[in-house]
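In what comes next, subunit A is part of two complexes: it sits with subunit B in the first one and with subunit C in the second one.
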Partner chain A sequence: MPDIRISDPTLRDGNHAVAHQLTAAQIARYAAAAEEAGISIVEVGHGNGIGASSLQVGLSREDDATMLRAARAALSHSSLGVHCIPGFATINKDLRPALDLGVDVVRVASHCTEADITQRHIGYVCQRGKEAIGVLMMSHMAPVEVLLEEAAKMRAYGAEAVILMDSAGAMLPQDVTERVGCLARGLDIPVGFHAHNNLGMAVANSIAAVQAGATILDGTARGFGAGAGNTQLEVMVAVLEKMGFSTGADLYKVLDLGDLAEREIIPVLPTIKSISVVSGLAGVFSAFAKHVERISKQFQVDPRDVFFELGRRRIVAGQEDIILEVAQQLANGGAGTAEGGRQAAERKRAA
Partner chain B sequence: MNAALRKMIRQDCSRVLGQRPAAFQALEGGVLLITGGTGFMGTWLAEMIAYLNDHHQLGVRLLLLSDRASLFAQRAPQLASRKDIQLIERDVLNLVELPEQVTWIIHAAANPDSRNHATDPLATLRVATRGTDALLGAALRLPNLHKILHVSSGLIYGSQPVEIPAIAESFAGGLDCAAPSQAYAEGKRAAEALCAAYRTQFRLPIVTVRPFAFLGPYQLLDRPWAANAFICDALRGGPIRIQGDGQSVRSYMYPADMALWILTILARGAAGTAYNLGSPEGVTLMDLAERIVSLLPQPVKIVTRMLGLGAPRPNRLVPDISLARETLGLEIATDLDAAIRLALPWYRAVASQER
Partner chain C sequence: MDCMRKMKVAILGSGNIGTDLLVKVLRSPCLECALFIGRNLSSPGMSKASSLGVPISAKSIDAILDDPDCCELAFDATSALDHKRHWPLLEKLGKRVIDLTPARLGKMCVPAANLEQCLDSPNINMISCGGQTSIPLAYVIGRTQDEVDYIEVVSGIASRSAGPATRINLDEYIETTEQGLRDFSGCPRTKVILNLNAAQPCIDMQTTISAQVRRPDLERLRPAVDEMVEKIRRYVPGYRLLVPPTLEDNRIVMMVKVQGLGDYLPRYAGNLDIINCAALATAEAFARHRLSPPAVLKGAHHA
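Now for the complex of A and B:
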């Protein structure tokens, strides 16, 4: 058993970066190379997980079944994983068919204070004899004690591991050490970490997670993911090797995997754009970036103001409709309230 | 449930009873109310009473009180349609009055599913404390009450220390009352304290059982117990997935034994005493999985899964049952291998219905 289990959401988080337009052929090619590289879990699907394709968060080019079939055919040793947010995904419409198509691992996710909503989904996955992993998204938004309680709920529901997601790329290494360390000491199941690179901290944060006790790490080829992207898989595996951790992955083939992704599935390599820095500072979900840019343009407002206002309102994934409201209010002479407008301006200056 | 399974359960009742029906003489002709009467424990007690009434003329009338009584008619129509069983649909939290002819009570209302404790610790605590208080308050007004059996939990002992092979009733234990996940165990401790208070203040005759783990028919397949999960994994063709290295130790009592023990403790147990209710046969989870596999026609793989750094090792939960053995002559009639063998057809039938 390797020291660190590598989970690769390139074909899921990366889908955010291309407005969910990955094709079945791209999925098949990448999954086959990931299998060859010895990646433990290959996560596939719409950026927001199964059942999420919609006008609000973006329509997938391929439906869930097509994406899963393409990946399934390419994987035998690696596990096929999906992201599953209850609400987007329902058990009968989305989860049951996904498991019928051969999904091995379901990462059932909720906002970091709302683990209760995962009970039925995790329970169903366990009942089907598959691996359920709990995911606490936007984990920078809750204090460590709350995160531990929420993770313990997922454990009680049957999760075999819990992943903390820094969905906004807002954490610094000490934040990760504190959070992951608390969960690793307080839970009897493995803890994992999923980073975003808004503040350029993704690799450092992933390593901080391992040093604090995480045994599952997420990384994507070239960092292909929402906003500023994720931890770059190739770098992460290399650093882990340098530090003496086994990952079960073949470094050369992981490097080849990155090259393949750049050549065949990534139209624009992830960079830390100004908007991503702001999103990380504001602590707003990385996948909001494209919506914020588009809507800000439509209302002729500064997307950075929109991000800071969204952060002030503590908006979370699933509340994408508020972007429109904030942009409209800013366009009408300030944020929703005079106070909000002032705070947005102050944050902008402070930043 | 098909006829073969019904017959099997009847045979279970007959087998564990052996020459013991006389032990229940005190119950003869009585009216037994069971709260949480349509759950796993209540259903087995109903099976046993029905068997005793049919074959040993015990003449007990059974009142099964539950907030989901109507579901019972669908799940166990052979019991729900009997003349000696009456269903009362009521939430134990709202109990004010009990039928005055009640002479015996088994208070089993609780939801032992740890997933629900995590989601709604308040409801868990309410059922244990307010529900028990409501029941005991109503019981005070019964003119002919002989005894109440309160169903507590083996979890009230907290973690079993490594150096103790089996937990005796005298073990003081310890729980973290600030941990929401322990709401069930804390609630059950508080309920035991309530029972003690009613007993000392109003002389209510209350005896307590502390159940551990069970394996057998009427278990709901989706319940998150290790044995349940292993059998479901195995019947699906495997692999059986063990969280950790499989060296944690548990014990499992067959539910026909459970029903016999509860009725014996109700009839003959000393008021004010708590009895462990479970099997003393400790088994590692790996051994349990291997025993399940050995009873299947096809080979099934067993895999171990990573544990986290915070996992307590080793982890053990086994009761010492000397008290029930020595004072009431109770024994385990169904060992673990027999329990698995008897449980498999039931799990197989239910799993095939659910597919």
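Now for the complex of A and C:
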């Protein structure tokens, strides 16, 4: 067994970057190449997972079943994975049909303090004899003791591993070391890490995670993902090799996978735009960027103020609807909120 | 409107919902809580009821079976599973039931939309907290807009207002609320999303209603929404429109906030308050209904 298991959410997190417009043909091409490259888990679907196509976070071009069928047909050694957030996805409407289509791994996710909403979904995956992995999103928002408690709940529900997500790209390497280390010491199941690159830390944070005991890492081709993107898979695999860790992946084929993604599925390569830097500083979910830009333009407010105000209100992934309320308040100069946003920004700058 | 004689009610379930409902019933000019029923005499809800001088029983549904005359109406604030067991027993006794669980056995009721059509039903289902918040507005969308293709409801609530029952029943909450939205709006496609937010201090319940319609008509929608909000505020004082109907990205979007009355539960738990306010308004309507001949009732309601 390789030292590090590679999970590739290019076809899921990357969907955020194209407003969930990936086509079945793109999914089939990329999945086939990922299989060739020896990737362990190929995650597919809407950016927020199964059952998440919505006005709230964006409507998918292809429905869940179409995306899963396209990927399923291309995968035999690699596992087909989905992301599943209770509150968006229900067992009847979304999870059962996904498993019926042949999903192997379900990553059941909640905000990092709310693991108990994953109990039934994890239980259902186990009952179906498939692999359930727990995911704690926005894990920069809770202290380590809380993360360990929540991860232990997922373990008790039947999760075979737990992934910490730095969904806002807000962490620095020492934050990762502390959090992943605590989980790796406190749990008897594998721990994984999923980085975002808002502050340019994705590869460094992923390596910090491995050094702290993580044995599952997420990476996407060219870093294709929400906002500033994720850990760039090709770089991550290369660095892990350089450090002497085995990944089960073939480096040349992983490099080819990155080239294929750039050619066939990524319209604009991820860069760290100003708004993503602010999103990372404010600790707001990276995938808010497109919505914040669109709505800020309509209300003629500074998207940076919107991000800082969202951060001040500790808005979590899934609460995209609050962007409109914040933008409207800022536009009206109402209730001192515009001032509040700027003050928050100044505080952050001073910090 | 006052009632000539108070209607005796029992509350099944001594958890947060049942206990908060008790405090509301005690204030009602139309209702008298004859029995507060749980399973454990030492639970916080039972202690609270006891301290308020309300008769209590720890015998669960047997408390009513043993003394069928104790109440005319029972609120069921237990769980969907328990309600499925309770209902056939209560039906045999001829009791009216207001069900606050997502069991979906009875007629779905949203007081601001269909209270009068519910008064002859023996079992009334209060749908869900998010349903009580969003369905009246979906109903208004259905009545003012042509060709409503899709309605979506997103609620954000404070983590601390979501107890173990809410958490374990997320799927039922979603599917029951989606059903209610379809029934009341006439829109065939609906989606419900729930977010828990752990921020301190706790956030108030907030709900966003989005709709895709062929030709949005905000001129008709806005006054109808204002009118509906006023109607809801008569029984849910903490309900207010935060973002009026707005066009954004080819959708109609509006947002409401619900603060609770702070009876037994904190004010941020507007999600729990609103379903209790709706259940109370329904029970009071029953109380008045049973005291008035139908002809008089009609006049009274239009007065």
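Details
The definition used in the following text is that the second predicted complex is superposed on the first by the 336 of 351 C-alpha atoms of A that agree within 3 Å, B and C clash if a C-alpha of one lies under 4 Å from a C-alpha of the other, contacts with A are read in each partner's own complex, and residues count from 1 in each chain.
Everything that follows uses one rule, which is that a contact is a pair of C-beta atoms (placed from the backbone, for glycine too) under 8 Å apart; a residue touches a chain by one contact, two chains touch by 3 or more.
Remember, it's a predicted structure, so these values are computed and weren't measured experimentally.
In the superposed model, A:D116 makes contact with both subunit B and subunit C.
In the superposition on chain A, A:K153 makes contact with subunit B only, while subunit C stays out of contact range. When both complexes are overlaid on chain A, the residue A:R5 reaches subunit B alone and has no touch with subunit C. Within the superposed three-chain model, A:G213 lies in touch with subunit B and out of touch with subunit C [touch as defined at top]. When the two complexes are overlaid on their common chain A, residue A:I295 makes contact with subunit C while staying clear of subunit B.
Contact with neither subunit B nor subunit C is seen for A:T23 once the two complexes are overlaid on the shared chain.
Touching of subunit A by both subunit B and subunit C, each in its own complex, is seen for residues 116, 119.
For subunit B in complex with subunit A, the touching residues are 114-115, 117-119, 179-181, 221-222, 224, 229, 232-233, 236, 241, 243-244, 305-312. Considering their complex, residues 150, 152, 154, 156, 159, 164, 167-168, 170-171, 174-175, 191, 193-199, 203, 206, 208, 210, 212, 242-243, 246, 248-249, 251, 253, 255 of subunit C touch subunit A. The part of subunit A that touches subunit B in the complex is made up of residues 1, 5, 116, 119, 123, 126-127, 129, 131, 149, 152-153, 156-158, 160-161, 183-191, 213, 215.
By the touch criterion given at the top, residues 54-56, 86-88, 90-93, 111, 113-114, 116-117, 119-120, 141-142, 294-295, 298, 313-316, 318-319, 321-322, 324-325, 328 of subunit A touch subunit C in their complex.
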